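In what comes next, chain A is part of two complexes: it sits with chain B in the first one and with chain C in the second one.
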Partner chain A sequence: MDFQATIDADGRIEPRDAMPDGYRKTLIRQIAQHAHSEIIGMQPEGNWISRAPSLRRKAILMAKVQDEAGHGLYLYAAAETLGVDRADLLDLLHSGKQKYSSIFNYPTLTWADIGAIGWLVDGAAIVNQVPLCRCSYGPYARAMVRVCKEESFHQRQGFEILYTLSKGTEAQKAMAQDALNRWWWPSLMMFGPPDAASTHSEQSMAWGIKRHSNDELRQRFVDMTVPQADVLGLRVPDDGLVYEDGHYRFTEPDFTELYDVVKGNGPCNQQRLSHRVKAHQDGAWVREAAAAYAEKQAARKESAA
Partner chain B sequence: MIEPLWEVFVRSRRGLSHTHVGSLHAPDATMALRNARDVYTRRQEGVSIWVVRASDITASSPDEKDEFFDPAGDKVYRHPTFYEVPEGVEHL
Partner chain C sequence: MNDLLEYTLRLGDDALIAAQRTGEWIAAAPQLEEDVALGNVALDQLGQARSLLQYAGSLDGRTEDELAYFRDEREFRNLQLCELPTGDFAHAMARLLYFATYQHLLYDELRSSADETLAGVAGKAVKEVAYHVDHATQWVLRLGDGTDESHRRMQAALEALWPYTAEMFASDDVVRRLSVAVDPSTLEEEWTRRVTAVIDESTCERPTSSYQHSGGRSGRHTEHMGFLLAELQHVARSHPGATW
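Let's turn to the complex of A and B:
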């Protein structure tokens, strides 16, 4: 069966199948950007590991940050099935030629931000990623199945942090509200520009890479999240929010901010990238030592044989 | 320095066969196994792991998949449902 027939039958494309160049390029760009987001996303949360308020919270946060590294690996592996090298993708990230999700360019100022990231950012990521489990490219879809299973723990732990704070002192509750105020709009922007302004959407839908439009997913996220905010006793910072015909109507985020952060002008863009590059360089000796050891062992085996 | 690619297979519990779960880079087999444990069995997903160098796998080609799998196409008599069983015959 050829490419288009497979897509039309809602079948899956596998690595060595023939595929249009544009399909391959779109997937490489999207999967790489997704992978970069996972590993850059370790930074805002890693910022709080040493300051988590209890051993339990610390253990959970470490497990979550470790998961993000794992998600990055699944995704880099999926991208490699399309004929690129992970090392080259990392170079593209480090030189700023490939992007990661803009949400990670915002700082984590208080412990409540860790709650808001889990609840809102991972919540938005789940809404984006669940349809990707049915993406037409097999390795990407399979990676997403694993990622989604693990994300649901992330979202719940974030909600639990905020729930605890919202039942605490006035100051703790204010801290939770402040985190929601700061993360709400950037979370809505995670779904990308409005449909009318989205450049890649139409072709991606035709190829079965994308299953729902940006605005559809954004609406789904708002409908899911607003009632959860009520349980937390926190106020969603949108005066335009009204419930109507089974959906929450909401104010459109200011997308000029998104474009500005994508361009590199967010609060933490430089810090995130320079930290990432430094971590990669600082780890070079470990990779070199492991390779040298592997070489030595292989040579010994050779001479013994 | 390019670390070789390894394919990872996990037996999720005793009694089941190993299933391909993904791949990773590692300098040697020992490191590949350790990384596979950390990446693919963080939630007790496995009781046994195989790692195989991706370059050591020989695979059938998707270009020839029609011809390659053709021989099985016209042998429906290999399935029990091919045979008509007279009414009243049991345990067959």
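Let's turn to the complex of A and C:
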């Protein structure tokens, strides 16, 4: 079956199948940026591993950040099925030529931010990613099935952190509300620009890479999240929020902030990228040693044979 | 303090402080596979710490978190080896080789302790630390027998940490009185045999320093410990009585 027929029949494209160049390029860009987001996303949460306020929370957070490294690994592997190399993709990240999700350019200032990231950021990621489990490219769709399972676990843990804080001392409650105030608008912007201004959407929809528009997904997230905020006893920082015809109407976020952060002008853009580049550069001698050792071992095997 | 509590705190504090340091590698490792692997190691160490501190706490009515977050530096019983700053990746692997080899021998013996809780913790942990030993061994070989730079760094790390190894095997009245404990002095010979076999194969030289630090078991730590605890304990201590 040719490419378009497979797409039209809602089938899966596999690595060896013929595919248009544009489809391949779009997927490489999207999967790579998704992988970059996973590994950059380790930083704002990793920031709290050493300070987690109980040993149980420390263990959960360590496992979570480790999961993100795992997600990065299998997303890079999915991208490699399209004929690119992880090392090259990392170079594109490090040189700023490929982006990652702008949400990770915001700082984690208190322990409650770890709850807010789990609840809101992973919650938004799930809304974005569940439709990707049906994406037309097989390896990406399958990677997403696994990622989504773990993300929903993370989201529950984030909610539980905030739930505990909201039932705690006055200082803990204030910490939780402050985190929601700071993370609400950036989370809404995780779905990208409004449909009218979205540049890649139409072609991606036709290719079965994208299944729902940015605004549809944003609405779905708000509808899902507002009742959860009520359970937490926290106030969503939007005076325009009203329930109407089965949906929560909400104030549109200030997208000039999103465009600004994408351009590099967010609170942590420089910090996140330079941390990543430093880890990579500091590890260069280790990777070189591993390669040199593997070569020596292969040569020894050869001469012994 | 009773001997069983003292002994359990030693093992639990070793694991806790090791986990705190290993965790520093998450999101900073040389490659993504290593972020995952060191994440595993840190989680294993933290899991051991929690089991042991829960047991220690049950002996004198404290929780694992009270023990981890509300004791002062002089009350911690961990080896100085565990608290030293992270250093480069060669330091991380040298420390893991020294420490995990020790833990492996210790837990292997402790499995047959008459204390069922300690034996149970050891039975689970011995499998975990066998993986840590293997992981560290693979890296010491790669780095020692890799490039000139990696060889130099591996040698430097093995030497820098060597003076913190004798403390692992120091015997005292606590372990001699406590029949359910393993006297660590009985582990030294086999530890030396195993570790030097790895060092030899890695083409590095066996460290020769005869000077050895000590003090961790009686709560005398390095200057680094205070900063480690400040970070570990700060949030919990800012909100006394809060639950998380």
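Everything that follows uses one rule, which is that the second predicted complex is superposed on the first by the 305 of 305 C-alpha atoms of A that agree within 3 Å, B and C clash if a C-alpha of one lies under 4 Å from a C-alpha of the other, contacts with A are read in each partner's own complex, and residues count from 1 in each chain.
Heads up, the rule we're going with is that a residue touches a chain if its C-beta (ideal position, glycine included) is under 8 Å from a C-beta of that chain, and two chains touch if they have at least 3 such contacts.
Fair warning: this is a prediction, and the values are worked out from it, not measured in the lab.
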Which of chain B and chain C A:Thr164 touches, first, second, both or neither: second
Which superposed partner A:Gly70 touches (first chain B, second chain C, both, neither): both
Which superposed partner A:Lys97 touches (first chain B, second chain C, both, neither): neither
Partner chain(s) touched by A:Lys58 [first = chain B, second = chain C, both, neither]: second
Chain B versus chain C as contact partner of A:Ala279, first or second or both or neither: second
First, second, both or neither for A:Lys301, with chain B first and chain C second: neither
Touched partner set for A:Arg287, first chain B, second chain C, both or neither: both
Chain B versus chain C as contact partner of A:Ile39, first or second or both or neither: second
Chain A residues contacted in one complex by chain B, in the other by chain C: 63, 66, 70, 73, 287-288, 290, 293
In the complex with chain A, residue positions of chain B that touch it: 1-3, 5, 22-28, 31, 38-39, 42-43, 59, 61-63
Chain A-touching residues of chain C, taken from the complex the two chains share: 16, 20, 23-24, 26-36, 39-40, 42-43, 46-47, 49-50, 53, 64-65, 68-69, 88-89, 141-143, 145-147, 149-150, 153, 231-232, 234-236, 239, 241-244
Residues of chain A defined as touching chain C within the complex: 39, 42-43, 46, 49-59, 62-63, 65-66, 69-70, 72-73, 76, 111, 161, 164-165, 168-169, 171-172, 275, 279, 282-290, 292-293, 296
Residues of chain A touching chain B in the complex: 14, 16-18, 63, 66-67, 70, 73-74, 77, 80, 85-87, 142-143, 146, 150, 287-288, 290-291, 293-294, 297-298
